[in-house]
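Here is the structure we will look at, set down as structure tokens.
Labels run A, B, C and D following the written order; every chain starts at residue 1.
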Amino acid sequence: MMADKARTTKLLKTARGQLDGILKMVEDDRYCIDISQQLMATEAMLNKINKEILTAHLKHCVSNAQTQAERDEKIDELVAMLGKIMK
Amino acid sequence: MMADKARTTKLLKTARGQLDGILKMVEDDRYCIDISQQLMATEAMLNKINKEILTAHLKHCVSNAQTQAERDEKIDELVAMLGKIMK
Amino acid sequence: MMADKARTTKLLKTARGQLDGILKMVEDDRYCIDISQQLMATEAMLNKINKEILTAHLKHCVSNAQTQAERDEKIDELVAMLGKIMK
Amino acid sequence: MMADKARTTKLLKTARGQLDGILKMVEDDRYCIDISQQLMATEAMLNKINKEILTAHLKHCVSNAQTQAERDEKIDELVAMLGKIMK
């Protein structure tokens, strides 16, 4: 992975902490809407991490592909990824 | 929360397991695109949990609101939630 | 429809004007990325209109449902709608 | 634009036809939920067109960039586009 490893790990651990908090909220029978909001905050955090990983991927892996064959492989991966993101 | 507690807890633990897997992938320097796909799978799982929670909320909390004041409060919450979901 | 009719019509006509502009861009062989940006702007406009329509629906149709049967029907519609929005 | 021009134009005209239908629905005071569903169908159509345009862009413009400078410019554009798509 080309994104900053320490930063990605830190953000992922934050997301895991949020999930632990949500598990606790469910156990404590907290209000649906409050749980829903925390879930959306965690989804937003994962989306942010994913955006950083894909940005680093474009700037390094794709930019540094040396041969046309390598570049075409990276582009096929991006097309597949786009299909998932824009589902 | 009105959604099934055991099921919600189980799904949340699955999502946490996915996050632990992603943390390991980052540590092992796995390929960006593979990490990105796992992140999207986890986001999809959280979205699914959130949909179940909001569906149960509509079917119980909103449906069972007794007075007009209670109903209007639930509706204000739904409007706020809609604003976040459709951002 | 409970949303303001004049305003909704005006926003829909703006979106149609954007679409006409995009059709012209395609005809003029404009750059992919510029066309893509205009498409996203039009999608954002439709999303905004939809949010206003659903908000007005919640505040009027759902809030004013008189009987439990009526309310349950509205809630079933909202659940179906949520499934589409959070797909 | 590198996507098939005839096909893109045809799909855009379909979306414009959908919008005209929605304007008529608003005028005829049709039910909120029905209008909302048509709006989402039109958004889905625009999203589909956008995906096709970006896919063709990746497969042609990005793949055929000759120099490193050209490739880096394309990649900067993709990063900016990703930021909008994954907002």
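Points worth noting:
The rule is simple: a contact is a pair of C-beta atoms (placed from the backbone, for glycine too) under 8 Å apart; a residue touches a chain by one contact, two chains touch by 3 or more.
These numbers were taken from a predicted model, which means no experiment stands behind them.
For the pairs A-B and A-D, the larger set of C-beta contacts lies at A-B. Over half of the residue numbers at the interface between copies subunit B and subunit C are found on both sides, making the touching surfaces mostly the same. Taking each chain's centre as the mean of its C-alpha atoms, subunit A lies 16 Å from subunit B. Taking the mean of the C-alpha atoms as each chain's centre, subunit A and subunit D sit 23 Å apart. For subunit A, residues touching at least two other chains, in rising order: 47, 50, 54, 85. Viewed as a contact network, the protein chains form a single closed ring in which every chain touches exactly two others. Touching pairs of chains, sorted by label, consist of A-B, A-D, B-C, C-D. If you check the complex, the residues on subunit A that touch subunit D are 47, 50-51, 54-55, 58-59, 62-63, 68, 71-72, 75, 78-79, 82-83, 85-86. Interface residues of subunit B facing subunit A in the complex, by the touch rule stated above, are 1-3, 5, 8-9, 12-13, 15-16, 19-20, 22-23, 25-27, 29-33, 35-37, 39-40, 42-43, 46-47, 49-50, 53-54, 56-57, 61, 77, 81, 84-85.
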